[in-house]
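One chain, chain A, appears in both complexes that follow, with chain B as partner in the first and chain C in the second.
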Partner chain A sequence: MKTLELGYIHINDIIIGSESKVENGVLYVDEAAVKALVLEDEFLKDVHFDVAKPGESTRITPVKDVIEPRVKVEGPGGVFPGMVNKVEAVGEGKTNVLKGMAVVTAGKIVGFQEGVIDMSGPGADYTPFSKTINFVMVCEPADSLLATDPEATLPIDNEKKPEYERAVRMAGLKVAAYLGELAKNVTPDETEVFSTPNLKEGMELYPDLPRVVYVAMLQTQGLLHDTYVYGVDAKRTLSTMMWPTEIMDGAIVSGNCVSACDKNPTYIHENNPVVHELFKQHGKTINFVGVIITNENVYLADKQRSSDWAAKLCELLGVDGAIVTQEGFGNPDTDLIMNTKKIELKGVKTAIVTDEYAGQDGKSQSLADADPLADAVVTGGNANQVIILPKMDKVIGMLDYVDVIAGGHAGSLREDGTIEAEIQVITSATNEMGFNKLSAR
Partner chain B sequence: MSFKVVHYINQFFANIGGEEMAHVAPELRDGLVGPGLALNNAWKGEAEIVKTIVCGDSYFAEHEKEAKEQILAWVKEINPDFFIAGPAFNAGRYGYACANVAIAVQEMGIPVLTGMYQENPGADYKNQVLIVATKDSAAGMRQAAPTMAKLALKIMKGEKLGASCEDGYMPNGIRVNFFEKERGAKRAVDMLIKKLADKPFVTEYPMPSFDRVEPGKAIKDMSKATIALCTSGGIVPKGNPDHIESSSASHYGEYSIEGVMDLTEEGWETAHGGYDPIYANQDADRVLPVDVMRDLEKEGVIGKLHNLFYTTVGNGTAVASAKAFAAEYAQKLVAAGVDGVIMTST
Partner chain C sequence: MDFIIITNNPRVRDEYGAKYCVLYQECSFDEILYAVRDKIHKGHKLLTHPLSGSVKPNETPYKSIMISAERGAMDNDSVILIEDAINMATSGKFEKYRQRQATLNQRILADFQMIDFFLITSGIESAQTGLMV
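Now for the complex of A and B:
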């Protein structure tokens, strides 16, 4: 039996000052200390911190990743293993969580695909991160990363983008781990326990319940579309298995710059909604066996191999059912359909979670691939839906890139500060792990 | 002032009679008749049935042209704000008549609504006209009338249509976003549990049947053929002069490669936002292989490379848009005497 207890410490406010601590639900952050931590990286020149609260007239953009601070209190390893802490296996013992807040990394854009978080107004309904108090880090790239071509559309030199992506990704994780560490000795406001029996124990405990596995597809198209598992670039991995609680300790982190609406930020990996919903049913209606992770590479041979392996693991485990979730759209739709079809053909019933690109008028085919065996689909909504985001009093980051991010168009940013764009630009709006209530018919 | 509505019903619901009276010709009556009462009551004075058109189902089936002409003439004269037909439940000819009359009225620019059971043959028209899903018999009137009345009023008031499951109409091929009561992960787990127990469940996205494109005829002699390059990989002249969007492109570009032997970093780049552009920007031939095509041209493998290429961004671009772009530039390619196209994607 693998058991992890999460201790939730509710954060009601974040105060940036000269001391770091968590006290009475308030997170105090020593600005100089976190700044020093970020600037350890030679590729970051400067960083500015700010706090955005729910209900404020504040827009954060371009947003890269969102991370929930956590800390291991008991048990082996540390959070974000292989990235911030040593690579030791996690997922058991006790972990404290700073609940109700998030670390948001922002700054000059990496690709075309960084997002928008509005803390109020119509856009706030679409992003889960309008409900968290956000500690925002606006990162400044080092001069050595900047494009020298005066006509370049984007500020970072093309060849230096991976370096910059890595720097901002690591800065976010380090700061989240630092803030989490402040809660190591704080008594949680509430706790929740997650236990997974091993295969043998599970069969004995729940002989009559259908056995269900979760197949999590990780974005690994490469070229700034990457996910890391215990520090390994997941595109160089074969489909494999994990305890669900490993994910809660940050074993999977985002290094990904796909469209903001359907990339899985680290925060959503840590709080993987499918894992949580399966735990709620575990021992009652189903026996939650564990998690299969599989990648979404661009080459056909990789797609075939990875989907074969995901289906093969389902077969090997002898499960009755599988939930399959996706990240990204278009090219990964083929992985989603391959996985679903192959798993169904093994006699395992599937339900899948995706989102749609049905056009601004909603009239087009929603996915790039389809198969009749994918007959149980949950959708996170049509990412092409156009939304008008009113001007906000405060902008954290910069509006310079709104026209060129995925989902924006020339003229998206109007002179009065209003943005007209597809909900594609909004961080996690159509999340494909089923984090939100948005859907479509 | 309330909205003026015309209601269409058959002989049965007008209390004329059943099958034996299905031959009756169209008739125009003042005010409401039969099921119109339930609709009128639901509108509480905000809208009102001013006239009711009654037509026998057999008459409509056998004299469709004349029946439609008569009905449209009346509707034109009355000039209502809205036209509502049925509900027809599972009555096949009635459903067919409701759908067809509604479509004809809709073409006059008057908003319409009908209702019927999903297996009614009239429901085949659900992508052309808004149809409320009802039960299969008139016993379902109690649910159908308020749903139809509510949706009709919404349309009359010019409010935005909700998703099909919210507003009760049959899915019509237009995807509409809305907020569910439960989050997606819970819905997926609930759906799987039903599927595992062999209980009915409803998918949120029924899989479409895909277009399959027949391959064109083989080109017999490539050494005389004019070949064009096209791409969804977003290759554009440096600076993206036509502002093709990085995702969900609204247009395509047509650019000349007359005399261009090689796409250089100085002159070309990609507008595509779905991949790291580093390699495409260094050498756009990696996506649009002009250099290799020039080699083939020189070697005589192909007759010549067409002097224009067509390009857009495939990233998140709706299939309907892509289809429309290609339909347009395919004509230009044909007109230019192009024999074959190499289409590259990313």
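Now for the complex of A and C:
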């Protein structure tokens, strides 16, 4: 039996000042200390911190990743293994979580695909991160990353964008781990226990319950489209298995810059809603067997191999059902359908969680691929839905990319400061793990 | 695996043109799909997925697709994939992106070239790991 206890410490405020601590639900951040931590990276020149609270007239953009600070209190390993801690296996013991807040990284990485978080107004309803108190870091690239060619059209040298992405990704994880560490000796406000039996124990405990596995597809199409598992670029792995609680300790982190609405930020991996819901039903209506992770590649032979392996693992485990989630649109839809079809052909019932690009009127075909065997789908909403975002009093980050973030279109940033765009510009609006509230029946 | 890259991305032409077999043409996203379809009809196999990343068809003007250098009998899976991609790209759903292309500045164009370049690079890495598809 693999057991992890999560201790939730509710954060009601964040104060940036001269000391770091968690006290009475307030997170105090020593600005100089976190700045020094971030600037350890030679590829970052400067960093600016700000706090955005629910209800404020604040817009954060371009958002790269959102991370929930956590810390190991008991048990092996440290959070974000292979990234900021040793690669030792995690997922058991006790972990403290700073609840109600998030670390948000912002910076110009890929002009057209970073997201928007509005803390109030109609846009706030479409992002889960308008409800968290956000510690925002805007990271500035070092001069060595800047384009040297006077004729260059980009502020950052194209060759060095992956370096900048890596620097911003690592800065976010380091700061989240630093803030989490402050809560190591704090008594949690509440706790929740997650236990996964091994295969033998599970079959003995729940002989009559259907056995269900979760197949998590990770975005791995190449540079700037990466997901890391224990520090390994998941493109370079075969489909494999994990304890669900490993994910809660940050074993999977986001390194990608795909569309804001349906990318899976690190925060959502940590709080994977499919994992949480399967745990709620575990031992009652189902026997939650574990998590299969598989990747999404551009090369067709890789797709073939990875989906074969995901289906093969389902067969090997002898499960009755599988929940499949994806990340991204278009090319990944092919992996989604390949996985689903092959798993169904092994005699395993599947249900898909995805989002839709069904056109602004919602009438077009939703996915880029389909199959009659993929007949159980939960949607996270239509990313083409149009929204008008009012002007905000404060912008954290920079607005000069809003015109071209996926879903925005020419003239989308109007003179009066409002933005007309599709909800795909909004971070996690149509999250494909079902983390947000949009759906259809 | 010997391969051919069909592209309208100048960056792929400039960086890989001397190293690999790169067929560059100055044309639209859709026309690249049609060019690949014609090659598939002649017996080449599709090696990378015709829709890129999570970038929407026509959101980016650039597209690089890898096909086999070798020709054999027409590959049905390749035909279905390329036809589906053409249907998706020309469905009208992404029409607004096509209109927007004219307004993209150099900085954004360079970003789109970069993403397409990275995606095809990922395909090249995979193609070089084995002999079989």
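Note that the second predicted complex is superposed on the first by the 430 of 441 C-alpha atoms of A that agree within 3 Å, B and C clash if a C-alpha of one lies under 4 Å from a C-alpha of the other, contacts with A are read in each partner's own complex, and residues count from 1 in each chain.
Methods note: contacts are C-beta pairs under 8 Å (C-beta built on N, C-alpha and C of every residue); 3 or more make two chains touch, one makes a residue touch a chain.
Bear in mind that the values here come from a model prediction, so they are computed numbers and not experimental data.
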item	value
Chain C versus chain B on the shared chain A, clash or fit after superposition	clash
Which superposed partner A:Q219 touches (first chain B, second chain C, both, neither)	second
Touched partner set for A:K235, first chain B, second chain C, both or neither	second
Which superposed partner A:N297 touches (first chain B, second chain C, both, neither)	second
First (chain B), second (chain C), both or neither touched by A:T285	first
Partner chain(s) touched by A:G180 [first = chain B, second = chain C, both, neither]	neither
Touched partner set for A:P332, first chain B, second chain C, both or neither	second
Touched partner set for A:Y357, first chain B, second chain C, both or neither	both
Contacts of A:V378 with chain B and chain C, given as first, second, both or neither	first
Partner chain(s) touched by A:K161 [first = chain B, second = chain C, both, neither]	both
Which partner reaches more residues of chain A (counting touched residues only), chain B or chain C	B
Contact residues common to both interfaces of chain A (with chain B and with chain C)	111-113, 153, 158, 161-162, 221-225, 258-259, 329-331, 357-359, 364-365, 384, 404, 406, 409-410
Interface residues, chain A side, partner chain C - complex	110-113, 153-155, 158, 161-162, 219, 221-225, 235, 258-259, 262-263, 297-303, 327-332, 334, 357-359, 364-365, 368-369, 384, 404, 406, 409-410
Residue numbers on chain C that touch chain A, as the complex places them	11, 46-49, 51-57, 59, 66, 81, 84-85, 88, 91-93, 96-97, 99-100, 103-115, 118-123, 126-127, 130, 132-133
Chain B residues within the chain A interface of the complex	163-166, 171, 173-189, 191-193, 195-196, 201, 203-210, 238-240, 243, 245-248, 250, 273-279, 281-282, 314-321
Chain B contact footprint on chain A (complex, rising order)	111-113, 125, 151, 153, 158-159, 161-162, 210, 212, 221-225, 258-259, 273-274, 276-278, 280-281, 285-286, 320-323, 325, 329-331, 349-354, 356-367, 370-372, 374-385, 404-410, 422-424, 431, 433-441
